[in-house]
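Before anything else, here is the set of structures, which you'll find just below.
Note that chain A is present in both complexes that follow, paired respectively with chain B and with chain C.
Moving on, here comes the complex of A and B:
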């Protein structure tokens, strides 16, 4: 079958990424590994909350932070999925230069490599939310969930994060392999500004504009509204904005970041070729 | 003989070889970090923001102010755990993939010295990250410290570091055997370890047996003791008394350092027998 180069690059990379992420062990251990990490991450917040509030899990604040934290798992997964591929292929497998000389669309190849981490994150999100609903009184009325809003915002958000990941992939082309995942640390930093685990009003006034400028903030708000509308309405941050307005802001912000990501990646890619960085190993 | 290499005039062995190896492995890391400094932003500034997020969670749920200090201290201590995890343990896996591991083994250098060299080489970044989080975090969030005993604080910190790096060397030995799974195991030792060691909350809240089990990771008791020694209400939220925690940390330090020495030797032998040192399972 004749497929376009971007589609073929994406699909092949998705298959390759899945093999790399999953075939290092047996399926049972892989499933356990995929579950423990997100559950532990959520448990930290649950315990912090429980200690201070004496376990008032039916409060809107808890649902707010729990759901925000659950969906935020996608952010490091997608950002790292796209950007870490550069290090993995350049320094670990040492195949980046071969991929560059093959008929491959590099951005689509990078997006494809993130698919495995997206799938693993999805498992983590589902398990975290299930644990919240079953054991921690996170009340989701499934009959009232706005599935259209949920699925559309989820899809838009993933595309937006993949484009943010492309910016980090560009930067990674120019940097050495350090001891961290650039996607994870950037996601960790953005955790502060996106209102994932507390409403933006808690931030000092001078920091709030950073949160308002980030598309992830609107994405999380839309997801919360789709699942538990009354919880989202309990906080004033975006109370004045309708779902449609939030969608428009998310789309506009994603377009801005998306356009920027294409130019930044191209520029970094050019500089990396110029410096001969594509087959560098920085094992120090 | 290669005419390009000068003959070895002064042969090193014993302690001199050990320290030469430590320096030899630390050197490229120190120089490498000077050559490309993007890590300052990604490894120092961004983790500070991440720690701040947890502070604001406590603010959002109106927690007592000492919890803010707990988060700042816990966030600073994560730097050392990360150093062990990514700059020591999993680095061995990377060295195996690059082909350096076999060279280490056939050299007369001690593996403990090589691991120590990796850790010391990464210490600049680690200390910078820990100090930045502690200093800027304390300043930003107005954390109040009341040090009960500087000597005890120094002892707790030093013992925690010795025990922690001993544990790091022990776990690194396993990485001689592992292949790609090593990377994933290191990944797994982040959030779950933050959870059980009480990085962002008093470990006492996990319950006695869970906290006691978590005490096998020196960070748990180290953090708990430090919190008791520098915060006004720290003692009330402590797991065990500081004196008991110091004693346990001494035991852990001895056990982990001796264990690391024997385990490294044993696993190295096992890995050689099984042909795992040069194995490259893509």
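Moving on, here comes the complex of A and C:
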């Protein structure tokens, strides 16, 4: 089987990523961790919501923030999945130089390494939504779910986030220290601006353009519309925009970020070779 | 059409800009300057020099990991800067003295994974892994997690990783560094065998072990402070010293001799003294053999009783001393440069 360089880079990296993510402990502890982490994350938000609203779980706001929070798990997972690999391979396993010397497509290798984190995040999203539906009155009418919109927007969003992760990976190539959690830090920073847990109208007027400029905002809106259309319609942010328009905006924003990410990564990669950063070890 | 050289460098240079902290201004460290080399296909070419000489910097440039600051370099006819992708399809690299690898994977998995990056079919990859692991005496460790291997075994695994992909040009950076004597001998034998199997294979080896360069290399470039000082076959390099007289003298003495008293003697190119098995061993390189009398007289004047005198053939170590003016270990002792 003569696979192309990008495909074999991606598939082999995905295999490696899964080995690393799943083999750090025994399977029982890994499964427990994979369940407890997302449920605990959602529980914090639910408790805060319950206190603030005195338990109004039937309100559309609850479904809105619960689903936004659930799907937002993908953001740190994919961003750090792509960017963390640079630190992990360069400083911990000290293999980055051998990966670079091999005929590997580095962006596809990095995307492949993020697959394991994507799978674990998917398990987390499913568990969180299941917990919401079963125990917290999150109402999803499965018969009315727009599966096409859901799957297409999910796939588009993951590709878009992988490309954003590539920008962070490029920056990580140039930074010797302190870039461990760049993916988590950026994801945490964007949490407030993407409408994950509240509509953008809550933000001060001068901060809202940040949210409108981020493709993640449109991605989350599409996912919520696909699952609970009538709830999403209750919020003003994108009420005037059709699904098609949202898709177009998401695609356009993804293209802009995607083009920028490829350019930025190539530039960082070139500078890293100029500076001799590809095999430095500074953290371990 | 004539086949391009396996490796070619033209006026290659590399300068690092370094500083210890943000408040400090950058200072320049010249790691390589004006390096011109041409390695033909089928050659086992050695780069011999002390730590900090620029050997690893040169390998990093040739393997596309580092950009040169001046000059050009090509591998298998492809420019390392502008055609890095083509270069990478044709090369592999192993650095000695390190324990890289994914510790949670078994040896077999580590090697299989790298074979996949090079597009080698799984069946063929496993066949090669089995064969190479047998050769290096590690077949019983195939299913051991690499984190559980000793440093030496991990290094052997990495050496196998380099050979596994059967590259056109293989770069070995100090492959026997940190290995015990037996393991080093095995690795050297394996390198020679690999080269003999296919006359199209090219191997560039860096080392600071004279024996390794002398035993393995078809040609050797002696490198120090970023400059190539000489490049030829080990035989021809030593031939340059044939007119010089190299002596070892063992004398009975409890402390070192006053070097200055000897260095004032005309024609003494090199004087080095070390204690060895209770005696003081002197290494002398003289312009002419008849200068020995003056040296021996000076020894007698210094009240050193001569125990043994031996004339020997020149080695690469002597060539290095001839070119640099110091022994390789002495240069390493003085060197603090991070370039290597």
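Note that in this section the second predicted complex is superposed on the first by the 280 of 284 C-alpha atoms of A that agree within 3 Å, B and C clash if a C-alpha of one lies under 4 Å from a C-alpha of the other, contacts with A are read in each partner's own complex, and residues count from 1 in each chain.
Everything that follows uses one rule, which is that a contact is a pair of C-beta atoms (placed from the backbone, for glycine too) under 8 Å apart; a residue touches a chain by one contact, two chains touch by 3 or more.
Bear in mind that the values here come from a model prediction, so they are computed numbers and not experimental data.
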Review point. Touching A:173 in the superposition: chain B (first), chain C (second), both, neither?
Key: neither
Exercise for review: Could you look at A:41 and tell me whether it touches chain B, chain C, both or neither (first, second, both, neither)?
Suggested key: first
Check your understanding: With the two structures laid over each other on chain A, which partner does A:278 touch: chain B (first), chain C (second), both, or neither?
Key -> second
Practice item. Would you sort A:24 into first (chain B), second (chain C), both or neither based on which partner it touches? Key: both
**Study point:** Between chain B and chain C, more extensive residue contact with chain A
**Key:** B
Practice item. Answer with first, second, both or neither: which of chain B and chain C does A:33 touch in the superposed model? Key: first
Exercise for review: Check whether A:99 is in contact with chain B, with chain C, with both or with neither, and answer first, second, both or neither.
Suggested key: second
Review point. Does chain B (first) or chain C (second) touch A:156, or do both, or does neither?
Key: neither
Check your understanding: Of the two partner chains, chain B (first) and chain C (second), which one does A:16 touch, if any: first, second, both, or neither?
Key -> second
Exercise for review: Would you check which partner chain A:3 touches, where first means chain B only, second means chain C only, and both and neither mean what they say?
Suggested key: second
Review point. Hey, what residues of chain A end up touching chain B and chain C alike?
Key: 24, 93
Check your understanding: Along chain B, where are the residues that touch chain A in the complex?
Key -> 28-29, 31-33, 35-36, 38-39, 42-43, 45-47, 49-50, 52-54, 56-64, 67, 82-83, 86-87, 91, 94-95, 97-98, 100, 121-122, 125, 179-181, 184, 187-188, 190-192, 194-195, 199-202, 205-206, 282
Exercise for review: Enumerate the contact residues on chain A facing chain C in the complex.
Suggested key: 1-3, 5, 8-9, 11-12, 15-16, 19-20, 23-24, 93-95, 97-104, 270, 273-274, 276, 278-279
Review point. In the complex of these two chains, what residues of chain A are touching chain B?
Key: 24-25, 33, 36-38, 40-41, 43-45, 47-53, 61, 65, 92-93, 171, 174-176, 178-180, 182, 185-186, 188-193, 196-199, 202-203, 281-284
Study note, to complete from the structure: So, in the complex, the side of chain C touching chain A is made of residues 16, 60, 63-67, 85, 88-89, 91-93, 95, 98-105, 109, 113-114, 116-119, 121, 161, 165
